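Following are the structures in question.
Both of the next two complexes hold chain A, though its partner changes from chain B to chain C.
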Partner chain A sequence: MSTLSTGKFGIGRLALYLVLLVFAIYYLLPLYVMLANSFKPLAEIRQGDMLALPQVWTLDPWRSAWSTAQIGIQATGLKPYFVNSIVMVVPAVLLSTLLGALNGYVLTKWRFRGDGVVFGLILLSCFIPFQIVLIPMAKMLGVLGLAGTTSGLVLVHLVYGLGFTTLFFRNYYAAFPTELVRAAQIDGAGFFRIFTRILLPSSGPIIVVTVIWQFTNIWNDFLFGASFADADSVPMTVALNNLVSSSTGVKEYNVHFAGAVLAALPTLIVYVVSGRYFVRGLMAGAVKG
Partner chain B sequence: MKAQLQDWLPRLVLGPSFLLILFFVYGFIAYTGYLSLSDSKMLPSYGFVGLDNYDRLWKLRHWTGSLKNLAIFGGLYIVICSVLGLFLAIMLDQKIRAEGLLRPIYLYPMALSFIVTGTAWKWFLDPGIGLEHTMHQWGWESFEFNWIKSRTHAIYTVVIAAVWQSSGFVMAMFLAGLRGVNADIIRAAEIDGASRVRIYRRIIIPMMRPVFLSAFVVLAHLAIKSYDLVVALTGGGPGKATELPATFMYSYTFSRNLMGIGASSAIIMLIMIFSIIVPYLYAELRSDPKR
Partner chain C sequence: MNNSEVRFLEIDNLGKQYAGVDALKSVSLDVEQGGFLVLVGPSGCGKSTLLNMIAGFEPATTGDIRIAGRSIANLHPSKRDIAMVFQSYALYPNMTVADNIGFGMETRGVPKAERLTKIAEVAAILQIEPLLKRKPAQLSGGQRQRVAMGRALVRDPQAFLFDEPLSNLDARLRVDMRAEIKKLHARLGTTIVYVTHDQIEAMTLATKIAVLQHGELQQVGTPDEIYNRPANTFVADFMGSPAMNRVSGQLLDSDDGLSVTFGKYRLALHEPSDELCRRAKANPRIDFGIRSENINEADNHNGSGDRLNNTLSLTVELVEPTGSDTFIATRDDDCSFTARIANNIPARMGERMALWFDMSKAHFFDSDTGVRVS
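What follows is the complex of A and B.
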């Protein structure tokens, strides 16, 4: 595609760069506004200009958002909810990734009659609107004694993440030479041995993609958290929404922004550190069935 | 014995996941399907009432309004994201020096939670404190931008925020598509004297058809599922001006205690998504060389 541009630096080229720059500003502006205003005292936000840097820099909004802001009925800040999210995300991501890897392995290297239908049903489960499972899931969590618990949320995220993790590994392992697996089988290696010795060592990239995908989705989930969490299992997104939309008292915008950045931080860090894999996950989830 | 176990092992490994999905996805769909035909109010109950809930659902202005909002929101969201995504991808594909810097900037909103996006845009669009206020401070006294407070225009603010979040992702999809175009075809067209615009219009953009289709499927299903963004940005308001099927389902099921109607709205959402996704997946799986 590079053949189209001749590389000479004329008016057209300049306009092109200008357009690209304008869009970069458009995408960065909300983040900049949040960051800049999270360091301002409230009075300065009210009278001032949202695009300006703070005249008086203060860390108070951050302290407040993290440890003293009123969320729901308690003035705990976002800290306990951040912990809730971590405790929920880590096991959900690990379990769904592990099961997805095994499923992908079976679906590509140990094919059986009807595996196409099995895969089709797993794949289709990725796309359901979650509203369809809210009512029975609430009931089922009650039956299992997991209502309002972090374990309950882990189960929910595990179940509804399995489709994607299976899809990722299945597509990745489909390209892995089956002859290697057959050769190992003839040499007497069993099911798990082949998996741990032959497939797993070359699964690095897809593990990273899957972990990032799952981490981002589960961390950012709001619907399940809002539906199934209790006071001591509320995740970060739900707590942030409670903080921002609480109607009592003065609206402390600077605290809201600090909170929003705190909620965005883990996924942003993951994105900055491993954007390449993040994009690959998005593509795998979107383009290939 | 051991050999037999080895034969069964793959199915034993896949089994639990598959059963979980059968139960928690397809079993739950069936359960919600039954509730939509039942007299459930605050709690599930199993008195059969036929299609009554659907009858009542379609007579609710709240529901038809949220479908209308979905049509406006979804239509604009899909079209703007696709056009903007394609445009940015073509711009970035012109041997841009700073591509490695710009691409992640265009794409990072996709890593954020819709609640964060909603929080930022709610404030940005609030006439009392955000853009309008700032413009007044800068001396442009007559500047007005209060769509978020307007019953007729609030739905467009949801489009603005959602496009901000997803357009970079569509850009990445198109960019991957453009990079896959065979350079020889373009060189041939150039030799024939075709202009750059013409090459894009007649050759390259038509070759992007599969990407358009994927983008459409992804965006359409995201639009139908949209929930968090509306909750964080407008809360469905002002009035019911930004209610979508997903927020409708939630409020009928959990706040208004009309679970039968909530379940029937969820079934309609499922039908909408499946009528887009199932043909797409079917075609993808059939043409998949791996199978």
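What follows is the complex of A and C.
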């Protein structure tokens, strides 16, 4: 390590940058291909050079993917499904984060007999593969009358996310000084006031981590969406699949590329906006600050 | 009636068990109104458990706690009319200093104007007015300590609880804050229960000290009693710095009076009690203790008429000048002592030195039980 940092332009440093550059190109290449081809007319793609920049720039594939492309049996574009996903993701993320925080708070600051077992069981849910719960979950949604609805999907994601959000908050709050809770108790604050006034305001980093984690997972989920959604609650990921795999007519690769970028955009934005908190939050508690 | 006024805060046979293990064994203790009770002992002795039970964070397994005759053992911490200063200060990190101090009033629904007046009063007492708008992270250790005291002060409680409040400060600041706490106590006259593992803090602050070990009360008394009449060897060893010199020896009753012998040495007793005389005949084994300040250079005292001439010539192993005094550690086959001599007395390591033992200040303990023999 020390040899790398001795000279500003040492040979080691040069090699390091070269390797990093190669890796960056390697990982960014697919994104480049997607973006470059999404701005080309279909004829240009058919010429076969996927890596070339567009000769004629056009926004038509984007317009088509967003509002006119054939998805399933309707030519609506991805727009309504994008809205479906937002309507599903936002409450699912907020509720699972809030409940995870509450769980973490109880498991660390209001400990009870058998709390370790309860936490272990909650943790276990992180390791259950999606596929196993499909059928019982479908049955349960049916019983609750939520089959095929967006609320049903919210519930599924909420339940499935709770294991992770509880884990995040429990570990974060385990390092939160119990003396603060005691001081607030002497000051006369009750269960919820301590939570909202003392713990939550100090939970910024872990909230960001949880929101990113939950948003990414729920937005990108395909299996639950494909299994439990009806025509009017289909999320973006499933719609994208329908767009790309529709077997009739010409394969509009430029439209598919544009649609794929549209589907990935929200998670990308969430990462760019709050990515630095993500690392900070993951490191929180790792080192004594 | 008069009795209950004297005993303001009463701890009555208080016991605590964790999973069948005694953390606190039936402790009974009381402090007068306006008193300063210090709970002292090594870590794990139960002093913090006791304080947390007074505060109401841990329920008692047995016994009762009363303030001014009223049992508080089953009340929520906020209903006990106490305020606590925590070891870590426990300032709410997301609130300003003013909000930290005012949070308790806020939860109790005190109007904002009244809150601000009270915060200002407390800030004036503790001289933290310029800090009121800051967040705890922007404060130094000493400032945080003041804010934590402010938060306790503003409640105007029946009793303050302090949990090792100075242990996170550097040595200099600790001495300053110690003095401030003492002045504050004199000014407010509120009863204080204070936990520390630092015996000097205990000595300087307390009107009453309770020494704990393994969840058991070892001795309760004024600092003077604790220091000069320790009830057993644990208290004798724990209180005082450097620790009391102790050797096991024999009581010897001879023609020229009672004396204590250890190895080849012999020291005569001043005015031995009947109990010591009795023991000299029955079971002469005894633990003999003497504090370092009662072992001095011999020269000063040879001429001053100590009729017993309790002077021993001992080998100096270590010389530790502290500026005002010099500590001398001696060691040989039979015993080792720490003596305190004037700073102008020459002493060299490895040389022999005549040291005078003031046997009127000697302590004796049963060599089996460690209990004081008076």
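Please note the rule applied: the second predicted complex is superposed on the first by the 265 of 289 C-alpha atoms of A that agree within 3 Å, B and C clash if a C-alpha of one lies under 4 Å from a C-alpha of the other, contacts with A are read in each partner's own complex, and residues count from 1 in each chain.
Just so we're on the same page, a contact is a pair of C-beta atoms (placed from the backbone, for glycine too) under 8 Å apart; a residue touches a chain by one contact, two chains touch by 3 or more.
Model, not experiment: these values are computed from the prediction.
In the three-chain model built by superposing on chain A, chain B and chain C fit together without any clash. Of the two partner chains placed by the overlay, neither chain B nor chain C lies in contact with A:87.
In the superposition on chain A, contact is made by A:198 with chain C only, not with chain B. Legend: residue contacts after superposition of the two complexes on their common chain; A:42 is shown touching neither chain B nor chain C. When the two structures are aligned on the shared chain, A:135 is found in touch with chain B, with no touch to chain C. Rounded to the nearest 10, the angle at the Cα centre of chain A between chain B and chain C in the chain-A superposition is 90°. Once the two complexes are laid over each other on the shared chain, residue contacts for A:189 go to chain C alone; chain B is not touched. When the two complexes are overlaid on their common chain A, residue A:179 makes contact with chain C while staying clear of chain B. Among chain B and chain C, the chain that touches a larger number of residues in chain A is B. In the superposed pair of complexes, A:147 makes contact with neither chain B nor chain C. Least inter-chain distance for chain B and chain C in the combined superposition, rounded to the nearest angstrom, is 7, based on C-alpha atoms. Shared interface residues of chain A, touching chain B in one complex and chain C in the other, do not exist.
Residues of chain A touching chain C in their complex: 177, 179-180, 182-189, 193, 197-198, 201-202. Of all residues in chain B, those touching chain A in their complex are 6, 9-11, 13-14, 16-18, 20-22, 24-29, 31-32, 35, 44, 88, 91-96, 98, 102, 104-117, 119-124, 129-131, 133-134, 137-138, 164, 168-169, 172-173, 176, 178-179, 181, 183, 186-187, 190, 196, 199, 211, 214-215, 218, 221, 224-225, 227-228, 231-232, 235, 245-246, 249-250, 253-254, 259, 262-263, 265-267, 269-270, 273-274, 277-278, 280-281, 284-285, 288, 290-291.
Residue ranges of chain A in contact with chain B, taken from their complex: 1-5, 7, 16-17, 19-20, 23-24, 26-28, 30-31, 33-34, 45-46, 48-51, 99, 102-103, 105-108, 110, 112, 116, 118, 120-125, 127-137, 139-140, 158-160, 162-163, 166, 171, 174-175, 190-192, 216, 219-220, 222-223, 226-227, 237, 240-241, 244-245, 253, 256-257, 259-261, 263-264, 267-268, 270-272, 275, 278-279, 282-283, 286-289.
Chain C makes touch with chain A in their complex at residues 55-57, 76-78, 82-84, 86-88, 90, 92-94, 103-104, 107-108, 151.
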